[in-house]
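You will see subunit A twice below: alongside subunit B first, and alongside subunit C after that.
What follows is the complex of A and B.
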């Protein structure tokens, strides 16, 4: 039974520490601005550059990381508007931390409608400012969720031998959720997972691409058979899902196995994003990447090993381009020769296979044959 | 055959009907040639001719002109026009001929810059009055020093081009000297570009030493007060220059001269011809003409040869000091007092010559941006909207951004109100590439800008395209000078526009910044829990920092 240190108070003290850090950060920026003004200087805010030029792939850490280049947003004609918006959004963030509330990105956009001239004209504007603040906070070890800006999309579903320790937002009472005891349903990952504590005796976490496959495995209680926690990603995993898997695997020290379609989208978009994050949100990757993730399948070799050739589809032009990009331009794949070999193998076969292709051998072939055989040989998982 | 022939006239019959046509009769039938082709134009031309005469009279006598113009509506499209000046007055026995005979004047036979040229205008107005209302010209004039004024009613015997007097008496007049002309004509009083008001306003611009008082037919009154009490210098009278003389005029001059020899004739009657040049001309003539030939005896063929010789022999360019421009300072004054604009540029070109006639070009531009850049920088380097004095709209020469520029043409200080399209000035303006000076200009049209373009051409002989003196003939030399003047002003305007735009951009930037400063204050207040006073202090300090750090405009 693995316990995390947060269950005693439902993560309240950890959350408090993060909140203090957040408030201190906002306070320090505002104070610096005010001091500059009083010294008779133009105030400025230093923000990390979020462009790809300032993103590096750290092989050791195993994720895309924001470089050290900072941009200085000095108050000038061109920046005065975004400067004021940045400060006002930070003030809003401070208020939400203090009042233990949150705003979705859309709501943050609407908050500004009360700001007069300073209002955001479109959500893309508020999103960009928010990304700046988030990038700044990330330098101080804070994620956007700590700033109380929550993503719109919720997380995936979870089922298996896992107890999630949460608090009732209204009463603050500690709640325990047993994910093995939810009948035919599943527990859904909340938008912010920072306050959660975990208790589990599972052996590994299985992250599944499709809702359909998750349902099948949950329905037949595969998690009981394999003693694992099932997490449904639903395509490219949302921030909440990624952060949840990261925290779960960190806190419980469990390996994460990914079970996705055998196509370039599955490799380069779903798996790669889960494991190392994405380039254009590099400032958050340190919180969202899941370095423990490994690729269980479906691999190109599985198509041969499980004789799925006649259940495949030809690669589309987009697939081929995406695979080419992954081989040539993606530092993550480039640092893993086994991945390069696998992608080239797929390109050689010119086909792709979905998870559901295994149903060719019977609906539950995946439970009875495929997953057990794969799990026997974990070295075959791709990095 | 005989029957048909009867419908034709025999030479004898024709001869019986052929008779001399007097100039007066000719113009009675061709009144449009003098500009009396529509009732509204007739009214304006009448005022214009009377005012032109009044101004010339005052200036020649060295008197600062004060002119009163009154128009009274007599009903039934009849208007009574009265123009009164404070000039030297006219001798009684001259009045009849001045007002009652066409082509009688002091200026036709001399080459000197003046408003009137032909001695036709005011008599033509009188003739038009006779034609439309049957009323005579009513003239009151008092010569300086005379105890009484003369009052006369003058009409024209059109068949004989001779004045007819009806009544002549001495009256008391409260003016020490001056002339009042009243005429009753059929006309139409209108507002707009071709209005009497606009004519007076434009005259006031080009003549800042003149005061006008105007009373319109519907009780409207306007005053244009002089801004300068300096009379323009009197233009010098010059003799014709050989380059400009036409064959017909040469023959006429040969007949009229009092010189006894050809050599003397050339020396005496032309400017810039000395003995040496005169000999040179005679030498080139041949056709048995000698230096001693009697001018009156020179035959047509010989005159032709003489004419060719004159054109062949190089002659010094005519003197140009006989031209009196308005002058940059006076022109600026005139524009400034009558045109409501933000920026004025004036340029007086050096004199030049066309066909032996000296002339001089002046250009003025008045630029005003509506809603205006009207920005001013104060001592602290802050930019403010400048207070803008707005004149009465009806009085202002509208300066609108989305309309073509207003073109004001002047010849010898007289505004040209008609035939803009056929005028050399318009051609020169259209040929100027305003786009390269930062203005919009549709192809072959006036620039579209809040701009008044004023062009003045001063010359001893303005080459009008018609007797109505409405448009200037496009001699290449004139076009060239006009364009140079326009370009010089346009360059200055472009410079000003760049500066104005810089200031405008800087103002916009500062306004933009100032819009967001309160929000920085609010955010700081919320985060740092400041009092309102602390917040306002921070915003004020930030405003100061921004003003200090931005470059001074």
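What follows is the complex of A and C.
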């Protein structure tokens, strides 16, 4: 039985510590701005540069990371609006931390409609300022969720031998959710998972690309047979799903096996994003990557081993371009010769296969044959 | 406290009765085909015509309905493949009913890969045959879910004072899911909801367009304050969400209030689809429409009453075209003068407003002011 340290108070003390850190960061920036003004100087805020030029990749760390280059936003005639917007958005964040509230990116845009001249004209404006603040906070170990800006989309569904320990947002009472007792449904991961604690005796986490496959494995209680926790990603996993899997695997020390379609999108968009993050959001990868993720399948070799050739589809031009980019330009794949070999094997075959193609051998072949055989041979999983 | 008759056995007996009906239908068709062959005649199957020409709209019934025109699929050289496919897909359905299993549309396509010459070459082929069988079954009061073909997408999320009574798919044991005890998460509606029973003392069901708004109302336990059940639709509701709301409102006799964006897409795509169904899927509307749905808001008049003018966006060309179509060509809107007036008011204003625009007055204005004021005046809801 793996216990996380958080469940005694449903993660409340951990959240409190992060809240204190967040408030301290906001206060220190605001104080510096105020002191500059009191000294008769033009105030400024230092923000990390968010561009590929300021991104580093370290194989050991296993994710794209924001570099140390900073840009300075000084109060001038040209920047007065964005300077004020940065401060107001930080003030909104402070208020939400204090009131245990949150705002989606869309709501953050709308609350500005009451800010007079420094209102945002479009959400792209508020998103950009929010990304700046998020990048700054990330240097202090704080994710956007800690600033109380939540993603629009919630996470995927979860089923299996896992008790999630949460608090009632209103009363603070500790709640336990038994993900093995939700019938044919599942637990829907909330937008922010920072406060959650976990209790489980599962052996691994199975992250599944499609809702259809998740439903099949849940319906037949595969999680009981294999003693694992099922997580539905539903395509490229949302921030909430990625952060949930990261926190769950960190806290419980469980490996994460990914079960996705055998195509360049499955490798490079779904799996790679889950494992190491993405290049254009380097300031958040450290919170959202799942370094212990491994690729169970479907692999190009599986198409041969499980005789799926006649249940495949030809690679499209987009597939081929995406595979070429992965092999040539992606530092993650470049550092893993086994991945390069797998992608080149797929390009040689000229086809892709969906996880549901296993239904060719019967709807539950995946449960009775495929997954058990793959799990007997875990060292074959792609890195 | 509203109790549904189903909870004693978690809906198992209701499902059994439907299963018997499904098996009887499949057997009767197969028997007729076999008798024809034994008599030395060419076998045939009669299927409803699925086209707008065979759709009727009855204001009292409140949904688009399939007419009585039938087409005859006779076994000929040209139809031998689709004839065999129809029978094989029905046989697969029979097997799934007997084994308490199911297949997504995608899986149904893949299982054919083992059918030799009558395999499907593309999913469009299997979908068309499945639609035929579904239309046939609908004449006997059976939805596709009873044939064990499940949608790819699951339903939205649910939170509030509702106990869902379900059965463990493997053991048949009765399970109760308390949707008021899921912390910051929610219960994710499964793909098939036929077996569910419900227990609640809520006053109404609130169907919400966006995940962001659902999260806000759930986080602040609005469902406790208003004594209602929150359902997240996430845009145009999936089949599973629509069927869930329909069954929940039927079984508990609760009204359904819809809270969506004030734009033609919200009216004509989200709300109208939930309430009366869609024209091109007339054979399923009777199972999926929610006739007791009412439109709480956001209404065009709300933009004025709640001074949201500066938090609106101009109508796009697509918006204007969609609104024009609704006014001119849609029998649902045509039968409701109040809807015509509302849409024309919106066209006159030339803007649209999202539900999150209410955040202009503070993140929780929607909870403290907007929803209570709207609910005090329920006769103002659009039909």
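In the analysis below, the second predicted complex is superposed on the first by the 383 of 383 C-alpha atoms of A that agree within 3 Å, B and C clash if a C-alpha of one lies under 4 Å from a C-alpha of the other, contacts with A are read in each partner's own complex, and residues count from 1 in each chain.
Assume contacts are C-beta pairs under 8 Å (C-beta built on N, C-alpha and C of every residue); 3 or more make two chains touch, one makes a residue touch a chain.
Everything numeric here is computed off the predicted structure, so don't read it as measured data.
Asker: Examine A:301 and indicate which partner it touches, taking first as subunit B and second as subunit C; both and neither are also allowed.
Answerer: A:301 sits against neither subunit B nor subunit C.
Asker: Check the contacts made with subunit A and report whether subunit B or subunit C touches more of its residues.
Answerer: C
Asker: Just to be sure I read the superposition right, which of the two partners does A:192 touch: subunit B = first, subunit C = second, or both, or neither?
Answerer: In the superposition, A:192 touches subunit C alone.
Asker: Look at A:380 in the shared chain and tell me whether it touches subunit B only, subunit C only, both, or neither; answer first, second, both or neither.
Answerer: It touches nothing on subunit B or subunit C.
Asker: Return first, second, both or neither, reflecting whether A:269 touches subunit B, subunit C, both chains, or no partner chain.
Answerer: In the superposition, A:269 touches no partner, neither subunit B nor subunit C.
Asker: Is A:37 touching the first partner subunit B, the second partner subunit C, both, or neither of them?
Answerer: first
Asker: By the touch definition at the top of the document, which applies to A:175: first (subunit B), second (subunit C), both, or neither?
Answerer: After superposing on A, A:175 lies in contact with subunit C but is clear of subunit B.
Asker: Have a look at where A:335 lands relative to subunit B and subunit C in the superposition and call it first, second, both or neither.
Answerer: The answer is neither, since A:335 touches no partner chain.
Asker: Going by the contact definition given at the top, which residues of subunit A touch subunit B in one complex and subunit C in the other?
Answerer: On subunit A, no residue contacts both subunit B in one structure and subunit C in the other.
Asker: What residues of subunit A sit close enough to touch subunit B in their complex?
Answerer: Subunit A reaches subunit B through residues 26-27, 30-31, 33-34, 37-38, 40-43, 75-77, 80-81, 83-85, 87-88, 90-91, 94-95, 115-118.
Asker: For the complex, which residues does subunit C have touching subunit A?
Answerer: Residue positions touching the partner: 96, 101-104, 106-107, 110-111, 113-114, 150, 152-154, 157, 164, 166-170, 175, 177, 181-192, 195-196, 210-212, 215-216, 219-221, 224, 310-311, 354, 356-364.
Asker: Which part of subunit B faces subunit A closely enough to touch in the complex?
Answerer: Subunit B residues touching subunit A: 509, 512-513, 515-517, 519-520, 522-524, 526-528, 538, 541-542, 544-546, 548-549.
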